[in-house]
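Two complexes, one shared chain (chain A), two partners (chain B, chain C).
After this line comes the complex of A and B, so read on.
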């Protein structure tokens, strides 16, 4: 998941390359721009590879693309042949790919969704903001809270806080999201056995304007339960990474030195251990951000939250290949972009990475 | 459970769509054109809707969103429900017994040969944008449906026998027919406004978004929040009686348990298409009324009676037993339909007989007593007599190949009812020595297996429309595979039944307009199917519904006393439903829960406190450092 082609090259080769290109003593000033440029080229190459793969993947798995178009309406052979021709399915695969690239790069056109009979991009645009809102908020909350618990737990390793927080987050991580979502829904949204405080689904009510202040509050009210479910579900992955990263750093000699200098406990933790331990955690957080866009199918289903996860499910069950292709392109592009951001951030924060 | 759109079961009223046509050719061209070319696109979130206080909103929960507001592109049950709310057709089907009644046509007559039909168009009806609806709009709509490939594919079974249509007076429209067709008594084409659609080119027919849905129906589209809800406003000047409610909302749930909770809590007012478990869980709940309505569908055990193309070229490798009527009849005795219906549908359905469900009254077929009864001993004897003798291990031997039989038993994998039925039927068959291997696949794959003849027996379902012609056509020779034996293309037939006597009767009934003459022919056709048994119709599942009867009255069942209250052929419940007399409009809408404001306030306090705390702590550390 994390490895881009350029990263898999042996580090010596890369360092030699960069060393060769900038031999002057001032090279330090150019290190970050060079790093960014190199990562950027890698990201673009990955993206192109994905476009290619994406196109041929759906060509392999869709045995009869015409069927999705006609949707059980009866068509005779001549009509099917004509459709095949209209959509260019009678051209060679390579020519179909060139057409696809031409539409994608020159016209920014992802085609027409066969299920919704609307342009793919319009269909996706309708569903992006619910996903970004729900998964984005949950990812930010769970990464902040998870990291904080990880820091505190590691610092007080073996304490009651550490044991309890570890237990809870691992439990939340291992319960199925569907079950967690349904339990929270029944107790906080349903009023049969629960409190009935929150709505049972959707993003906003039909009698509010989502672009008004009352509408935002209404959206926030609808967001609480799915957001809570996802935040709880995501918590452990951040907490555990931060905790183990902290423990690694706490065993380092410089911590001993810092303590020997007589620094207060809090200062050692804040100014010495945490900044170093944050580096691997940061990478991970940014990688997870890449997956924000692909939504959270299970939680979206339980709370009828019409994001990209549910849209993907509709596209799969409806054999809507133009839409699926568009979604996959978006998902992979988002992972690549955040991977790039993580790489560059790490390069800026950690001088050791720049040397590689 | 949530999105399984393609099933024949889900096609309910979409079966107006019929035989060969260039279905979505118009879709092809815009794929290469500028996407912004399609008129009136809609952004999200949608425009604001102000609801005056005290208005009455009736909310129906649905498990599947709309797919298109364009009546020439939509495919799903939800979409056809919205078309029925916003558009009118020339005729309606009555709430009482589904018989044709006047719609936008006040009366219609035909010549004795059935080749010329004259319709009188209702005067004084207005489109939702205020323009008058005239006979010209009717002529335009039918002409477009006849000449536009995409439109034609969508409503083919309503227009396939129309040769031309013309206006012959200010309020008169005349149809000239290629052949007499009883469907002219209930023509399912929604009448569209010429002044809107004339601006939509034929290449955009399939992709026109039709956001405004200008129509003459009892409701008007005001908001489609995609994936969330569809909101309609009552047309208070509707010619056939204005709706008593002010707004009609369809709210999408992707999880049925959440939907049921929302009904119990009062967030929604009605639900349709419940699972038997959820329906039973609502038993005795105060304030709710349940309706186990006779459904419009059936599930069948189908046989591969000889996959072939329409030219008669054999396709695939179906077991020869399926082609043997004696074998199929013996199997009919082996299955206990009563017990199957009780166990699989938990009693919410009727025992199967033929392809027109009992809800359609006069078209349904009742075989009477004692034609086929559950009798496994007799089934065994019939199989023995037909040469399907038992091998040493008890499994039967195929008389043609002399090998032990092991039938491939396929079914769709997205329907829990079908899954259970498969398990029970496999048991019944094994009990008489017929070995089967089950395979649950998605509907695309199932269509492939059947079209290629790679199947022996299967369980699948149909939704049936009120006029029997389409359903009867699925058992004709013409609906076998098109294409070639090497590259077959599925027709509507899945049993590949082909019987010249049946086909002759089919032609006869499809041109017989008088229902009294037509009925015995339809009955005779179903009797042939029943005896020949290409299908063993297992059961007719009920449509399980529930609504908030503490709050709402005026619910109408169609047909009276036994049919569906929601998702009807027409808009009876949605126009009649009203708050109970003892309630006032002000109690209907709860609005934003006051708790929201408490939570907002608490969140605000926490954030401010957090910031203040962080600031103070920072300062104190800075002080200490110095």
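After this line comes the complex of A and C, so read on.
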């Protein structure tokens, strides 16, 4: 979202920016369908660019992917040539690209993982749910707590609470997430210097059936530490976004009007400022999906949580390029989809957004 | 650029007046930065870190990194001889920590410089030219901002191979989109000032306007952004190293590589707390110091934000 330079903006845009109602012929009934169509076209173009970029990365930048593949194995030249042929690297770049698009769009085929020797898509599908569980729980917790801290901090700007919560956020921002995970793991799960309360890793113990009630409890038990780490990792983002959104709203005229009407402080906060500040902050949650993925990547590695993050680590250490490509495509595509959701949601819910 | 007090106004002397003013402004910024508690703390911490990065390798020598010449037993607890204990090979963690400052800082600085050059070029041309150049560049910037950062750097590093130079390249070419966006906004506000009209009226070329007028005016913001980008690059490097994508060279054992080694060797279950805590704290403190400097610089340079 770009901000209009106020000095050079036409009066029409000015009234739009200040929330004044300027009834343009297209607003009203057609506003939302037009907005969705526009955003949809943009998202599809972005996705196509991502597909092209993916091809560029894996077929153009890496000059000899086979060499990386056979890094630690002894393969004679003939066998390497055979591999190149099987993966199609001996064809021209243009034919490689046609093959890639053909497989992706017509056959929904992401290739065969060299590490698992199974179709990439099947490998990924097996690992999606643990990540959804971990990321979902952590996102809900951190957005609730972070939003609450942000509201309170902004309302009591400059108070001890505000200063301390800001300090904690900046510190959490500066700490590598994987290290936070290691420290929590050592002190809460390790039994040498730690308390040994929680399991050291994995998603459930070998001797329980994950489909039973006991299995669910066991999974919940394994979820505590990675969930805590990710919640702390995401917290700062939500707190800072909500705080600045609150400060923006608190500077608006309607707040002064509400106060002038003699409303109680709490009523101004609950019924006037927070609802308005919440909307942009909530859509940010979708906009930061890339950030969410990054957190899951490292935390899953630390806790051997069998999701997409750990799978990425496996793909990297095993030089499994087809798998890595599939994962990267999934991550980038999901960011675009979430952005689309965020934009459309904001457009529908917030009448102040007219032109997107 | 010496300040001359010649009565005749020769072209170079006119330039020197500008530079004298800029030098004075830089000195003022420096003092204001020093007056900010955050700025002072950041500068002191960074000074120490840079000192360690410069001095530790020649003072300690390469022997402390050698796995074969390790003097202690594996995973020793902190003692007088090994203040932070030993690693899985019996090397002193404190020596490794001191050595690790160099690769971490070198990667952070170099990657940030590459990112700044790209970000400034894109931000300045986008803001200066406007029109379709602006539209195309900012669409590209939007798209690049949407690619999740960590997966992208992991993929690039995996494809290019491991190594300090490649990590610098990977982080440099991926860290610019945010900067370009911020600088573009600043360029737009500089463009609206009267002296730009004067330059245009005198027939200054686009290149001259951008390099001689726009760039010096956005330089402070570039600097503030650089420090924050360095912080991000150091964090990203540690994450790459932790995922096994750090430099394989022994000399380039960064703090992230130390944590990778500690985790892989089972420091968590062995309770080697000093070995696990020290590198992470080092990263956090240095990143925090860069963030402080960046925040303080921004505060000094844009007084409007001071109320926040």
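Here is the rule we use: the second predicted complex is superposed on the first by the 297 of 356 C-alpha atoms of A that agree within 3 Å, B and C clash if a C-alpha of one lies under 4 Å from a C-alpha of the other, contacts with A are read in each partner's own complex, and residues count from 1 in each chain.
Just so we're on the same page, a contact is a pair of C-beta atoms (placed from the backbone, for glycine too) under 8 Å apart; a residue touches a chain by one contact, two chains touch by 3 or more.
Note that the structure is predicted; figures quoted are calculated from it, not measured.
Aligning the two structures on chain A places chain B and chain C in a clash. In the superposition on chain A, contact is made by A:247 with chain C only, not with chain B. Once chain A of one complex is fitted onto chain A of the other, the partner contacts of A:170 are limited to chain C, with no touch recorded for chain B. Looking at the shared chain after the overlay, A:182 reaches both chain B and chain C. By the touch criterion defined above, A:318 lies against chain B but remains apart from chain C after alignment on the C-alpha atoms of chain A. Of the two partner chains placed by the overlay, neither chain B nor chain C lies in contact with A:236. With both structures placed on the common chain, the touch criterion links A:228 to neither chain B nor chain C. Contacts of A:58 after superposition on the shared chain: chain C is touched, whereas chain B is not. Residue contacts after overlaying the shared chain place A:302 against chain B and chain C alike. By the touch criterion stated above, A:196 is placed in contact with chain B alone, chain C being left untouched.
Of all the stretches 254-262, 290-298 or 506-514 given for chain B, the clashing one with respect to chain C is 254-262.
Of the residues of chain A, those at positions 182, 185-186, 189-192, 200, 301-302, 313, 317, 319 touch chain B in one of the two structures and chain C in the other. Per the touch definition, chain A reaches chain B in the complex via residues 63-64, 67, 69-77, 79-80, 82-83, 86-87, 103, 107, 109, 111-112, 114-119, 121-122, 125-127, 129-130, 182, 185-186, 189-192, 196-212, 214-215, 217-218, 220-221, 224, 266, 300-304, 306, 310-311, 313-314, 317-319, 322.
Those residues of chain B that touch chain A in the complex are listed here as 2-6, 8, 11, 17-25, 27-32, 34-35, 38, 41, 43-46, 48-51, 57, 59, 65, 67-68, 70, 73, 75, 153-154, 206-207, 209, 223, 225-229, 231, 247, 249, 251-255, 257-259, 261-262, 264-265, 267, 414, 444, 447-448, 479, 482-484, 489, 491-492, 589, 591-593, 595-597, 599-600, 621. Here chain C touches chain A in the complex through residues 138, 143, 146-152, 154-156, 158-161, 185, 188-189, 192, 231, 235, 238-239, 242-245, 256, 259, 262-263, 267-271, 273, 276-277, 279-280, 283-284, 287-288, 291, 308, going by the rule given at the top. For chain A in complex with chain C, the touching residues are 2-3, 5, 7-8, 46, 49-50, 53, 57-58, 61-62, 65, 68, 170-171, 173-180, 182-183, 185-186, 189-194, 200, 244, 247, 289-291, 293-294, 297-298, 301-302, 312-313, 316-317, 319, 321, 324-325, 327-328, 331-332, 335-336, 339.
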